[in-house]
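Here chain A shows up in two complexes: once beside chain B, once beside chain C.
Then we have the complex of A and B:
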């Protein structure tokens, strides 16, 4: 039963994985080969940009595509609890989201390890990017789960991201007073920020906070996923 | 007497402040073909979604095959064949893929029967679902609803969007497949001529309330159109069961339920007019009388 759900999700999401891999790994390959900018810029940009792009791409299609196609009703009428369907969707979404970033990390290790950056300095921001991608995916899905189309889900996802960017920008403007110290941990950028700043002391706390927030968001989303909207008769 | 296939008691459901179902009571006998009639927006689909545990009612109890549709919703879904209104499936799957995929969710999936059905329903195995015609799409949805050999089948307006030929074709398949098997079919529709030839029982839902439930034959026999000859205002004040009062040429036409000799005498007495004819109605006309009938007790001739 679960295998069948995974198979369906895989068939629906695999082109996004392929698209993400081609796009991001192509960018990394060209960037590292041409050496126009420092290797670190390429790796960090691929990890950060890739995680946002993939979270948006996956998040907007995970549930909203089924809603707009009208196939969600069929899925929810199966003799499987809605939270299992949602869990499978999220698991496959996370896999597709992190796949291209993991691919970039491997490619960077092959092409540039020991050149300007050590292997560890390549791996750490990429892992931060993976975590950031999953966190952003959770935020985007949680807020866009009831949207009737992929376009609207995408807009909601962008809005969620921009709200956090706005809050962090305000924090920067106010000289770090708004989100000072550990309060940065509550933002979706928390883990990625720690890996970039090599602030490993607070990383376990940040991960715990992110796990708690992510769990709350997922429970909220799963609860709303199983609810059907008003039907036209 | 055997356990009813479906039992609904005091079902209430609201979308926010909009109360869609306002105390629905219904009993569907086992092995019957039950027509669930109602105009658009009357609450048919909502009732069906509550039956399958897809919506949680505000009040009331629903039992499907003896199982509570809220407490045992997974068991209900496993035991029932359900075809949704204008059912959309995964367009990218091939017919044979979606059939195999659905089979993995039902322990009782009968692969041999499904393969026979694919031939019987003339469905192209290799075609993608999105390339099927509307008629083929409906037949595939029917196949998916029947693949696990359910004892109860719920069809929610299954012919919606089909042209008249495809509709007849579909109904022929439904009857051919289900009538001889002793399966209970709960069939919602707003097209009366669709239900009339196949349904053993009908229930009419209006504004979230069942206004009539009866055997199809009995309903046809009990509702009559009575022609009264008279002039000026004809009043029927107090005659029970009047569904519609209208002018019909020089006569007043009164559609009345549970027509009997007592009612005949009461009508003649109250109106002071002679009854000139008693007409039988088809289900379409009966439905119309229940749904949009003029319940006023006065007509001018």
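Then we have the complex of A and C:
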């Protein structure tokens, strides 16, 4: 049954994987070949932009689409516990998020390693982007899991992102530095920020904090996933 | 309650949350920043947050409002209800459109108007008025297009994506496609479309922009005039006509119940496709297509950072003037200067680094570094440079090209590059010959055994003896070089003008050599000559001139060709640093790399190649004997010339 669920999710999500790969890898290939800006700008932009785009795209369709189509009830009626269904969905969603960024990383390594950046300097921000994408997906799914339509799920995802941006900019405006250094670990941007700044000293702590937060969010989301909740009017 | 008032009341009830959210972002965020600035002692409202938010989020907000006001009431079941009401559909749609537009404009304009009243600085007001007069109409156009998308698609998420794709085109296609230049909101904003100035202070400015400016006298103010850009009127007309067309089509779509059936995949591919199309348009204009044959890293004795400040070379061999940088917070300051010889045909291309005395730091700080050092392959053991010391001029009323600085002292230095006897071996003080010292520019050019040095508008001619030491032969006090008009920047080519050049004295030189030396020493103007053709590169255009006549050492150059930089090239800041011409190709070194123009037919200048090294600070280009070019940055790049087609 789990295999069937994976197959169902794969059939539903694969176009997003193809979309992300074509768009992001196309951007990286053209950008690195044409050399209109530094290689680092292309790689970091692909990693950061790709992680946000893919998290949003995947998060919108993961659960909300089932609710709006009315197929969630049938899915929950299957002889599989709901958390397993949710786990399959999240696993496939994470794969779709990660795939295009990993593709960008490989392409960058083939095209530009050793030219302006070493292989390590390409891999590190891409891995940061992968982690950022997964973290954003978890945040988005956790907060939008009860939404009755993809539009609302997308808006919730954007709102989560904007609220964090707002909190961080508020902190910077006030000059408090509350969210700098280790305390930045609690924000979804923590891992990506550490990889960009090459702040490897606090990276293990940031990963641990993000794992803890992500686990809590996933448990909360899985708990709410099992309930039918609101459906589209 | 009349039906119109009832419709208005209904719309207000539905849309007020957009107003609240918009106000929180567009007014609240700048206020927060202002409070932060005030706390840090930088003054209330000292930052650019209102403008940044208006430019960045104005379009997205208009899309959300437009889609929000349309999609909810255009659902099938609610639509049937509206069709049963005794209210005209057009009236209903018009109320929706106008209410949403009012909210968008209120949210967008109020913070900017607030800032105009709080800020009184002239430059800030110019920027704010540019955004108000240009960007507001862009937002109206985007709102109208999104309104139409909402009426046709009726599914909020797809309507937002569709509108987002169109908004990307509205914002960025005109700046990327040169023929649409006049319809780019960013182009018009940069040109300060509307300003109120005093008649006495009315500046001519860039002729190309000046041609587009119109002046209207303000009747109630004697000394004030309103200047506006004619492109602004065209743009406003375009935005209003586009908006009107969108609204009319939206009305028809609602009345006839037109629907556009779209799916998620189609919408995302559309958005991605538009993004890729815009990116490819950028790439098509700025891509690097010249082949780099070889890159040679420059190894200095110091492990700290360095820049190549200048180069003197015959192609394969030459000498580099290096600027060693300090570390940490002072990374842009010069720690030391040094010379390094190179021979690209040798197995070990670089010679020993020769560190110059500390007091030479001031010689290489200028951005434009051509003509800072000369060297000849005939006497490779000698290099020559100018040591120019500046001092702050505290005399009132003195204004030099660098503000308050003036040239204090200038010396011609001879540096020995011979192993075992390296360093400065001779100094010639030029200060006694200098009078007006407000021109800080100095440059050198060497032809055979003669060095021409331009220092503060004086021309010094030196003969280099067999011992390598320069002997001052002549000082020319008359101002020479390029002067007169800036050339013509008129795209329509209705007016053709030229520039006048006072040539360096003859003394055994033919006319083309005199022109070449004069052009090479021509201060900040980036020019090069090839025979009787002169090429000039500026941030705005590349122009070609032909030598028309010479009378009393004054040469008249007639402009024969002109290529204005595309909006994208100007946006990316391709300020030229050096140009040389070979085989009918002009190689221009700019901020983004080396761009090659075909000037074999000087009337029709074509961009045919580009070599980009964006991670490097490129400083100089040198033609090599084998046809390649040497590009000097943090590495030496040997680049193949473009393949010629015609």
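Quick notes
FYI, the second predicted complex is superposed on the first by the 227 of 233 C-alpha atoms of A that agree within 3 Å, B and C clash if a C-alpha of one lies under 4 Å from a C-alpha of the other, contacts with A are read in each partner's own complex, and residues count from 1 in each chain.
Here is the rule we go by: a residue touches a chain if its C-beta (ideal position, glycine included) is under 8 Å from a C-beta of that chain, and two chains touch if they have at least 3 such contacts.
Because the structure is predicted, anything quoted here is derived from the model rather than measured.
Aligning the two structures on chain A places chain B and chain C side by side, free of any clash. When the shared chain is aligned, chain C comes close enough to touch A:61, but chain B does not. Chain A is touched at more residues by one of its partners, and among chain B and chain C that partner is C. When the shared chain is aligned, chain C comes close enough to touch A:150, but chain B does not. Contacts of A:11 after superposition: chain B is touched, whereas chain C is not reached. When both complexes are overlaid on chain A, the residue A:165 reaches neither chain B nor chain C. Of the two partner chains, neither chain B nor chain C is touched by A:119. Of all Cα pairs spanning chain B and chain C in the superposition, the closest are 13 Å apart. On the chain A side of its complex with chain C, the touching residues are 15-16, 19, 22-23, 26-27, 30-31, 33-40, 57, 60-61, 116, 149-151, 154, 166, 169-170, 173-175. Within the complex formed with chain B, the chain A residues making contact are 1, 3-4, 7-8, 11-12, 69-71, 73-74, 76-81, 228, 230-231, 233.
Residues of chain B that touch chain A in their complex: 15, 40-46, 49, 52, 54-55, 74-75, 77-78, 82, 84-93, 101, 104-106, 157. The part of chain C that touches chain A in the complex is made up of residues 29, 32-33, 35-36, 39-40, 155-157, 160, 264-265, 268-269, 272, 275-276, 279-280, 282-283, 286-288, 572, 592-593, 612-615.
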